[in-house]
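Chain lettering (A, B, C, D and E) follows the sequence in which the chains are written, and residue indices restart at 1 in each chain.
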Amino acid sequence: MVINQLPLQILTGLAILAFAFFWQTSLSGITRKIVARYHKRYGPKWYQEFRDIFKLMSKTGVTHGWVYDFGVMMALGGIMATVMFMPLMKFTAFPGFDNFFIYVYLFAVGMLGMAMSAVGSGNPLAGIGVMRALTQMVGYEVPFMIVVLAIINGHGTSSLSQLAAIQQQAGVLSWNLVKMPIGTVAAFICLLGMLGKKPFETFIAPAEIASGPMVEYGGKQLGMLMILHQFSIFIEVSLFMNLFLGGAANPLGFALKYMAVYVLASLISQAMGRFKIDQVIKFFYKIPIALAILQAVMVVYLGWGV
Amino acid sequence: MSKINMQLKELTENVGKSYSVLQVDYPTPNQAALDFQPGDVHAVLAYLKGQGFRQMSLLSCVDWIEDGQFQLVYLLFNWEAGLRLQVRTRIDRANPVFTTVTGIYPGAKYYERDVHEFFGVEFNGNPDSSKPLFLENWDDMPPMRKDFDPQAYSDRKYKAREYKTDFNTKAGEGQ
Amino acid sequence: MATADKEKKLKEGWEGISRFFRANSLWMLMYCTGCCAIELPQAMTSRYDMERLGMGPMATPRQADVLLVTGYLSVKTLRRVIYAYEQMSTPKYIVAFGPCTINGGIYHDAATVIKSLDQYLPIDVYIAGCMPKPEAVMNGFQDLIDMIKDKTADGWKRYRDNYDWYKQNQIESLGELRIKDEYHE
Amino acid sequence: MKEVKLFLGPQHPGMHGNSSIHMYVDGDIIKRSYLLPGMLHRGFEKSMERRTWMNNIALIPRICVPEPDPNEMVFALNAEALASVEVPERAHWIRMLVLELARLSAHLMAFGGIGGPTGLYTAMYWAQADRDSILTLFEEITGQRVYHMYITIGGVRKDLPKGIEKKILAFVDDLESRLPDYENLVLNNPSVQARTKDQIMLPAEVVWELGVTGIGMRSSTGKAYDLRKVTPYARYDKVEFDVPTATYSDAHTRLTLKYLEMYQIIRIIRQILDLMPAGKVREKALDGSALRWQVPAGQVYSAVEASRGEYGYYTVSTGGTMPYRVAVRGASFPQATLGIEKYLPGHRIDDAALWFDTMGICSPEIDR
Amino acid sequence: MAIRQEDFKKLIAYSSVANGGYILIGLAMGDALSVGGALMHILAHAFASAAAFLAAAAVVHRTGTTKMSELGGLIHRMPLTYLVYLIAIISMAGIPPMAGFISKWMMFQSMINNGMIFTAAAAFFGSIGSFLYVFRPLSAVFLGQLSTKHENVKEAPVLMMIPMMLLSLITLFFGVVPNIALGVINRVQTSLGLPGLALEGTKIMGSNGVLDPTLITIIFGVGFVVALILFILHPKSRKVGLMDTYTASEFIWTPELLHYAHDFYAPFERLYNKAPRTESFYRIIERKIEELGRLAGHAFFSYKPGTVVFWIAMVTVSLLWGGALWS
């Protein structure tokens, strides 16, 4: 690891971080307007998400002991580290290290941090919410991993930027979406699970457990959690984009693909109700896993996907 | 009330045969009101349930303060025939005690708790009839009795907003 | 000395900015305490759309900043409202609907309904109308936003400053604030 | 076993209205639960004894918020029965119109309200938007959006405004054209079906035991138990409509029944509008001012088919200017109190809010 | 199985069974990276489960029971034990800053290369599952409401604290700079005739990706610092007792009623008790493994490191010998 390059890389990492925050928050503001049109009404201003987050930051919240604060900081730290690794359009902060497993496991740090501080707040509803979040994580991770393993096996490399480069060789035709349609469908369903969008929104189910793990958060802790939420959406959607839609060389391509994936996910979520937690697991272990295995078998043993 | 329902008429006849009906009254064409002694209310209710009055819509209590009596009213409804029956009985106001009807109509359990809380009628046989239901640590007589004055209670407990000129009229007097 | 007032100016500047954010993103506590709450879904949904003002319903007191006291308050509800109000994170505001919160309204002679809410909780905005119409509700929220912008919505400061006066009123008419009976063991 | 106490408390996103359910939960099955009502108790029956007959007309709609008109109708029916006042023909039809519109708005709210527990917020937004147009219609007819104080003893306060029929017909046609979209969005939605298909059962013997009425009864006993058919009041016998019933009552069937009933209500409204005769709307039941009016002595109970079931008043009058005693029978009282204590345990936590909604429980009715 | 356990200690025991499975997969694959990963996993898991067991012992020493439903909220009285247990489970679940991640990463690299999709899927399900059941005692025992019985529980005695802290420091150290341990493993592998691991400075050259643990920890540190700044910058939040939580504004007095710990993953378990056949099938295997484990444990798991290394060598030799015979 070359020491002198490190400060420069960290700076680029922080730049990616800032870009991710502003891009994703404004995009979720625009999506709120689109979703509002879906409900036959005008939604809020596009910068409403910014106003919400900064308002929360300006409030004096409540703390339940040091675990509660430490957990939030650890979660935000983990997620920020993952965003710094993320390749963005052309430049990546740490060339060569953007390995797929880092994202999955650093993401787990975020989840652990949030789970720890949610249960640390001493509220039973938060405990139930965390239990549902973890159970759901088991649900959507396995099919997603099978599809991704197939891709890595097929292309031989697990670094995102190289994967994106491979997919861009022959333009649209070489996208994994085209070459592995079944795997992409399974991965999109798992993406809905990851984002916590409506059909799989069991862990923040307001009507049952009063917004699950977020029950005890207020003031700046909730603000930090909302930033964490924006970052995690950025990670998941750009992960999906790099793996299946061939990354993005120019900013316009990046914007269009990113928006297409995120808005499509939000619109699907508006038309669906909420499953119960064991229905979620049963659903994930029926259709997505079957698609993923089918795709994996095609790629690994028959070599079609490459 | 000329066209009183024929079914209703012969129903009151054969009820009258077996139980002493104090008074019969037909407020509306398909509704009859029968007064009974407190003793045989349960028998009448059981008999009427057999006759198709399967739903007890309401159990309520009227406080006749002048003649010192509570009047318990059981309202039954027969869905097939569309007939409504009021089974009424009077119990003493000093120590109002009555046996529960949850054996015949299980739904009456909470009506009895409601009547107990507002009138102070004891229903033995209903396990938790004396538990507080609507009012929380209530420190006065049961509120629905005629001699309870809500205006005085609320002025005593809750500070009203002082207006510069006192122009809210006294509550209208009784009849 | 110089650093002190620079510090104060900085704090003042930051206070101004955060006031702008607080005004434009008010989160409403989802608690229908009385009968005027039936007009809130109308104000939230397609026709009157509260979200344009940046308002949205939130599930728990910790996350909310506006407590809507919709209509009359029976004694039992007042205990819960006070408990929820104290759980909210400052700065917090209260909007009171209808005449029942001012002087008991149509229930002035009922035994379980309190007469005037501002003995127990600091109110920032009153909205007139027995069942205020959604236009009146939106108008009231707009007034609250303007009040926040020019610093007059400081109910929570009043509550914090004369805390014991409010507490004394509450105990005097509610008896004990936290109930401990066979239902709440 | 070690139990955790959870609350579907007064302040809970899943709770419409304001009463609190205490649940003892083990794992995620509810072991023991009971309802703690009384949050909205305003002592209505006591206040009614202290107001004259006409003053009460302004007080009673406040009892049940989503659907205030049955209160006025039942109070008027009682007084008319006691004082044997003959209501003019046109007033009957206008009363039916107002009752059906109120029923439609309550059904829309309940049908869209299923979006809360199941997470389908689009349904909630659509339903509230349509309910809003009904409220504006009410504003034109009666001058007030929710509490109309329109049906009084002896008829209706004033005649329908000019040109209201066209507006009602326009609204009704527009709503009828959009109802199939509701069906696709809510009833055929796989996730809502997963949440409501044979989930919260209501067998027939439970209905008889508790005394549940309305959609709960019609969906489990399979018979057309509708007060408008069984004891027709206010010219319901001159209007034909059929009552959807089912024998297998789970959450989904109850929702479908609400949906089908909306069609019937639209059918009734259309018939009312073209069968309505002209003429006087209010029988002057007394000479001089209404405040000194006295109703002859007597005790009478009458009930009306509200959207949630049988809604009735028991009025006792001793010939004074004020009613001696009025008892209110809330439509959802039985299933809320005894139902939650006996039949909620055994469900899971996430079904509790759904249980509360599909049983059509409206808490101001319970506390009065 | 571990998810269902009610007893704190049994749960950690079962986790060793699961991690044993990982080691077997690693060894069975046979190529350099996976064997290296397996050996590293033995090392990491040894430290992590030892620390977890010691933390459990401290809890039992203080409260006397290992039943998770009675414990709760001990973090307020025993913060250091909590820290030790936290680091132990991070390593067991295979999360970056700790040693467990390195070994799992290496094994996954090799699994993908050999295209063994189903084992990879099962392994990944195991790793997420381990995250699940490892988190359960953390929340049931340490977080949540402090029950009145344990009001005056003191921190674990100092004597117990030293080994625990030592173990967790080692796992942290190996997680950040694994190349020292990998160097040793490398020598073991080369001595056994296997191709050595490609190590370069602090980077590990995987088959299709490069992992640099120290870089990850630094970036994680940077992220943490940014979060810390964000936290300190904003108004201080007021301290609130544990009981002052959201109870839908109803009143509650006894903390035990607010502690959600009993059969934590009820819906998840319900999925499994619908398939009794597989349950009994697993139980037979489990008994077999247990006997094997007891036999192996009895035979060579004594505390002297010498015998441990000796037996590892014996096992690898027999594997290689078998491998040589086979190919």
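In this text, contacts are C-beta pairs under 8 Å (C-beta built on N, C-alpha and C of every residue); 3 or more make two chains touch, one makes a residue touch a chain.
Predicted model, so just to flag it, every value in this text is computed and none were measured.
Undergrad: Mind listing the chains that sit against chain A and also against chain B?
TA: C, D
Undergrad: If you walk from chain to touching chain, how few steps can bring you from chain B to chain C?
TA: Each step joins two touching chains, and the minimum needed here is 1.
Undergrad: Select the chain at the greatest separation from chain B, using centres from the mean of Cα atoms.
TA: The chain farthest from chain B, judged by C-alpha centres, is E.
Undergrad: Starting from the Cα centroid of chain D, hunt down the chain whose centroid lies farthest away.
TA: The chain farthest from chain D, judged by C-alpha centres, is E.
Undergrad: Determine which of the two chain pairs, D-E or B-D, is joined by the larger number of C-beta pairs in contact.
TA: By number of C-beta pairs in contact, B-D is the larger.
Undergrad: Roughly how far is chain A from chain C, centre to centre by C-alpha average, rounded to an integer in Å?
TA: 36
Undergrad: Let me have the rounded angstrom distance from the C-alpha centre of chain C over to the C-alpha centre of chain D, please.
TA: 30
Undergrad: Measuring from the mean C-alpha position of chain B to the mean C-alpha position of chain E, what distance in angstrom results?
TA: 67
Undergrad: Please compute the C-alpha centroid of chain A, do the same for chain E, then give the distance between them in whole Å.
TA: A distance of 25 Å separates the two centres.
Undergrad: Would you please write down the residue numbers of chain B that are in contact with two or more other chains?
TA: 135-136, 143, 148, 150-151, 171
Undergrad: Mark out which residues of chain D touch at least two other chains, giving numbers and ranges.
TA: Residues 4, 9-13, 22, 28, 36, 38, 41, 43, 46-47, 50, 125-126, 129.
Undergrad: Got the chain C residues that touch at least 2 other chains?
TA: Where chain C meets two or more other chains at a single residue, that happens at 31, 45-47, 59-62, 76, 80, 84, 87, 89, 109-113, 179.
Undergrad: Going by the touch definition at the top, which pairs of chains touch each other?
TA: Contacting pairs: A-C, A-D, A-E, B-C, B-D, C-D, C-E, D-E.
Undergrad: Would you pull the chain C residues touching chain E in the complex into a rising list?
TA: It is residues 31, 60-62, 80-81, 83-84, 87, 89, 178-180, 184-185 of chain C that touch chain E.
Undergrad: Quick check: in the complex, which residue numbers of chain A touch chain E?
TA: 1, 6, 10, 13-14, 17, 57-67, 69, 72-74, 76-81, 84-85, 94, 96-97, 99-102, 105-106, 108-109, 112, 115-116, 119-125, 127-128, 130-132, 134-135, 137-138, 141-142, 145-146, 149-150, 152-153, 156-159, 210, 215-216, 219-221, 223-224, 227, 276-278, 281-282, 293, 296-297, 300-301
Undergrad: Touching residues of chain E toward chain D in the complex: what are they?
TA: The touching residues are 69-70, 247-250, 252, 256-263, 266-267.
Undergrad: Give every residue of chain B touching chain C within the complex, in rising order.
TA: Checking each residue of chain B against chain C gives 131-132, 135-137, 139-140, 143, 148, 150-151, 153-154, 157-161, 163, 168, 171.
Undergrad: For the complex, give me every residue of chain D touching chain A.
TA: For this pair, the touching residues of chain D are 4, 6, 12-14, 28, 115-122, 125-126, 129, 185, 189-192, 194-195, 348-350, 352-353.
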